[in-house]
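Shared between the two complexes below is chain A, which pairs with chain B and chain C, respectively.
On to the complex of A and B.
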């Protein structure tokens, strides 16, 4: 069942989207009707106006989910499952002509040739200006200058249409004709394109990696795929063209010889290594510029103009030929693009970092699968499950080994025949060390439980120690003034600033994180209990004195219950803060926990998993808070009514 | 008995040269303009404040701190809102370790006396202001104190409830025979709820004038509204109002 749902995510999404759209409109319809009914009774600003309104909650949730479906391209996948594949084929065409487009002024303002010319001319000028006369003999200096002049001449030769070889022009014409032919085919597609069998056998969009099936599965896609291959061949030819007329070739040969001679000849006539080095550096710079020019890849813009138009026309035609696909792309693939890189087609934009809701659910179920041996859970740990916890583990944790040393008697000795005879003390030690099997109890297990456990233990100790101290700080001048500086000094430091220190001292296992969280919970509990204790009405305290209560009784029966609302609020706040701190602490170190999963998912850019962990954290935080609200409502119904 | 209240920083003479003896079962009301030290006087009798000089004696015992022998009723009830009515009322008994069975009878008796039968298990925050004050009265009475101190007990109630509660106070006074000291800023209430009446003057707080009044006795038999219409009542009322008015004028003029 789960597998079927997972394999048919597009279909499931389509059903969900239709439900969402209907509930969106239904809730608006119902909400407007309700608003009209109540409008007359409630003036603006009446707090009653915000009471109730579940239909707007439905509307809000539907809107959120619909926006999610839309921007994650989940609706595109639901209703046009082939569109991404076809767009991938179009992207192949773009990739095929990318060597041409990147060298011409198609995707940029200047053509590559122009950029090269401008940059090299400027560098030549700069080099000429700082010709070091003292390291070259006058004759050499003249020859170096000549080399640079030749280079400059070469540049101007290549930028001049008249100097371009007829053969080169013919080659460019052939390229142009090739692209024009593709344009023609795009404009008048021949019929009969079909998808190959192996293409149809590909997994559908988003079910396995890579995300978008690469081979064309539709007739339109097959056409783009075939034309992209043609275009790639033409682009390959284009890269072979060189702008080297005979005159240029002669000049290049001459200059090359001069550079070689200059590099070699004068280097032995003086022994000053400094001068030798400076001369070599300068010649290297001259040579570097020359070598950028002498491969003949600079073309005058006039010669390329027609071909540029041909490429541009072809790409425009490719866009036009998309037809309905273009409309789908515009409407259902917002804020991003499908890009073909060497081996795969990928979603770029929100389709990539905002995973589709159904994919997130599928990832969650894979994660929640407790069968760790068969791909469930994460990194060998389930998400939330149970295990048998040996009682001996708990016993060995609770009883320190050293306690056994204080028992009367000695540990067992070796017998005369060399055998060890343990006595009762050895057995006790084995018990304290957890070596005695005492049966096992079922216990929760998994990443979520590990996170919860840390928070709960820290909260337990935070409340246990923080509340009494806070209450005493509320009633005793000594306690207040003595402990105030300590707590107020450590409390404002963000918990994460403590984390490196605490984790170093206590280690990356549970103890460190629990202590860190305890620090957070403790400070909040102290402050809220103290506020609650000092907030007791004087008349209530006096009344209890008059009723004959002693100090302890007043503390227990008046001040404590009076502080209860603040204490509960403190618990609610500190659970929230602890939860936030915990996830960050788990990201820093550890091998289990929800934050750990997210941290690993981050390193491998698993966006689905990142979102799953974010949603898990959000839901658990929400559940905590709802539980606390319920408890507060039950425990202190008098809150705010005293 | 002379008291002076020492406050932090500057010394302020809150009360000066106050001497009086209250007989058992007397009903005393204390009236005066705001700031004349009425509440300070009451807090000292209750034992919340220690006088800088002089002493207060209840029976034959010098007062040293608060105790269950002097019950106190506050303006806002000062009920424990986390407890039910019954738990509020038996608070004093519980603190003294009285058995539950015994205290239950007591609570029922006193709740009936103040007219709150059937409200034993109601949370106090659900009660109206007048009912809360009845609970406060019952809570005080259940402890069987020698003296009952009331600090503007009816000040926060509406006029109608207030009148009913005044009758209740008189009724309880008669029934229990307790010594009661009531502080109030309402002249009518002071007249109705005082066998003896102290009018206090401010700066330093002192007893300006003392009255012996018959209205409380009358009030046990007649309706309070009738008494208010008596010419004798209005004469005293006008006299005291003028007195307090002049004091206020003096304060404003002097300030």
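On to the complex of A and C.
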């Protein structure tokens, strides 16, 4: 069943999207109707106005999920499962012409010829201006200048139409004809393009690791694929073309010889290494510019303009020939492209960093599979499961090993007949180390439980210690003044700043992580309890005092109930912040936990896993908050009505 | 028209989602990623602007703290060349479908060490005693790869160990503090600290004998390689020239140390363990028909392969090429 769902995730997504769209509209319809119904009998600002309204929650969740489906290209995959494959074939065409387009003014403002010419001419001028004075002999200096002039001349020769060789013109013509042929084929597609058998056997989009099948699975795709191969051959031909007329060739040969000679014969002051070096550096710079021109492709502007028209026409036609595919791409592939790289086609844009909802669910189920031996769980631990917890482990956790050392007597020794007879102290040690079987109890286990355990323990201690302290700070001058500087000094420090210290103090076990979370929870609980306690109305306190209540009773029956709403809000906030700190805490020494999964997933850019952990933490936070809201509703029904 | 609409849509979406669209950089500059505290001779060329002169464009250098971040920046289009990216992040990026390729070896260095806590009495001869012990490893890094290789060579079953994911600095602290029995470390400073309280499980000679080594790569985006092969060739040429003119003189060390953000002695120490192969050596040893580069990437890919991932060993060779070394 799960496998079937996993293989047909596009279909599943399509059904879900349709449901979401209908619930989106239905909830708006119902919500508007309800609003009209109640409009008249509610005053603005009345808290009753916010009660209920599940339909708007449905609307909000549907919107969120629809946006997620849309931007992760999940809706594209659901309704147009072949689109990515076809776009991949189009991307192949773009990849094939990219060596040519990059030399033309198609994706940039100027052609490469132009930038090469301008840049190198400028550099030649600069070089000429800083010709060092005492390094070259006058004869050499003249020759160096000549080399630079020759290079300059070479540039202008290449850029002048009169000097272009007939052979080069013919080659360019052939290339333009090649592009025209492709344009023609794109405009009037031959019938009968079919997908090969091995292409159809590929897994569909998003099922396996190379996300998008590379071979064309549709007729349109097959056409682009074949034309991309033609275009690649043309690009290769283009890269081979050299704009070298006989005159230019002669000039190159001459200049090359001059450079070689100049490099070889340092005719002045060989003795001074500084001068030799300066000379070598200068010649290297001259040679570099010359080589760049020699290897570079500089063509006259007209020649390039014609090429540009040919390529641009072909690319425009490729765009037009997409037909319905173009519309799908525009509407369903927002903010990104399908890119062809050397071995595969990949989604670049939100499709990459925002995994599709169905993929996230699939990853979650793979992770949640308790069968660790067969690929379930993560790094050898389940996500959330149960196990038999030996009671001896709990005992050994409570009794420190060192305590046994203080018991009277010595540990057992080897007998003379070579056997070991443990005495009572050895037994006690075994107990303290958890080596004795005392039965087992079922216990939750897994990454989520480990994280949850850390948060809950930290929260427990945070509330247990923070609330009384906060309340006493609210009622006692001594407590307030004594603890205020301490609490306020450490409270604003971000938890991550403590992290390096925690590791040294507590080591790698749970206690360090719990302590880090506790520090976060504690500060918030103190502040909220204190604010709650100081917020009690004076008239109420005086009234109870005059009715004969003692200090204890005032605290119990007046201040505490008044502080409870603030304390509860404090708990809600600190649970949220604890989850936020968890990732940092589990970065210290990661063995298990949701934050650990995220930290490891980050190092391999596994976005699906990252989103699974984000959603797990989000939903756990949400569940806690809902529970707290329920508790608040039960515990302090007077909130907001006092 | 469609393209325009799409661009408008994508531009506005990108602006909304990221708080500002990433601007396509001008064609007249090349963006290079590098590591601080990782001293290489080409930093002299970087400081002297030799790259800019030789390539004829502005070369902009941005420092990163991990190779994964380099990949991310390359995918976002902000970086064209990543100099000295670790092999591990490169391979995992390719496994995730990133359109990047390896064009050269930046530096060869001894594999990262795993330090066993002094006093445990464990060395390579009785390494099986490590079973059941706790080990700090920065997961999915070259140190992780080295750790798995050591354990393979020494015949230690890693599934019995408790492996703790810790950054090198944290691992060194935990080793000193005694909460882990072995820590696998990269980076000069952390290794020095770990060396105070522990000893490497394998000596340099043993590592060489077992064929365990590490190298950093020069990786580029596919787009940059196809569109600007000339610039890429010049970049590598200048790099190799500065490697060749490296004499470790005081003036050179000072310049590199200043750029790497370290003091001269640490720089000297770090660079004494580095080998910078020439282009010819690379073509022969790394990028030949049975080159080291593909073999290392494949074996690393297998270590980090996630369940159900594509067949790394068959494909990774295609994105490793020595063609730009000429």
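In this text, the second predicted complex is superposed on the first by the 540 of 642 C-alpha atoms of A that agree within 3 Å, B and C clash if a C-alpha of one lies under 4 Å from a C-alpha of the other, contacts with A are read in each partner's own complex, and residues count from 1 in each chain.
Here is the rule we use: contacts are C-beta pairs under 8 Å (C-beta built on N, C-alpha and C of every residue); 3 or more make two chains touch, one makes a residue touch a chain.
Just so it is clear, the model here is predicted, and its values are computed rather than measured.
Shared-chain residue A:323: touches no atom of chain B or chain C. Using the contact criterion defined above for the overlaid structures, shared-chain residue A:161 touches neither chain B nor chain C, since it reaches no partner. In the superposed pair of complexes, A:295 makes contact with chain C only, with no contact to chain B.
In the superposed pair of complexes, A:71 makes contact with chain C only, with no contact to chain B. When both complexes are overlaid on chain A, the residue A:636 reaches chain B alone and has no touch with chain C.
Greater residue coverage of chain A by touch, when chain B is weighed against chain C, goes to C.
Touch criterion met: A:537 reaches chain B, while chain C stays clear of it. Using the contact criterion defined above for the overlaid structures, shared-chain residue A:553 touches chain B, although it does not reach chain C. Judged by the touch definition given at the top, the superposed model places A:564 against chain B, while chain C stays out of reach.
The residues of chain A lying in touch with chain C in their complex are 71, 95, 98-99, 102, 108-110, 115, 119-120, 123, 208-211, 285, 288-289, 292, 295-296, 319, 326-327, 329-330, 334-336, 339-344, 346, 348-350, 352, 375, 379-380, 500, 503-504, 507-509, 587-591, 596, 599-600, 602-606. Put simply, chain C touches chain A in their complex at residues 2-3, 5-6, 9-10, 13-14, 17, 27-28, 53-54, 56-57, 66, 68, 71-72, 75, 89, 92-93, 95-101, 134, 136, 139-141, 159, 162-167, 169-170, 173-174, 177-180, 222-223, 226-228, 230, 304, 306-310, 315, 318-319. Listing the residues of chain A that touch chain B in their complex gives 537, 539-540, 542-550, 553, 557-558, 561-562, 564, 636-638, 641-642. By the touch rule above, chain B contacts chain A in their complex via residues 43, 46-48, 65-68, 70-72, 74-76, 78-83, 91-92, 95-96, 123-125, 136, 139-140, 143, 145, 149.
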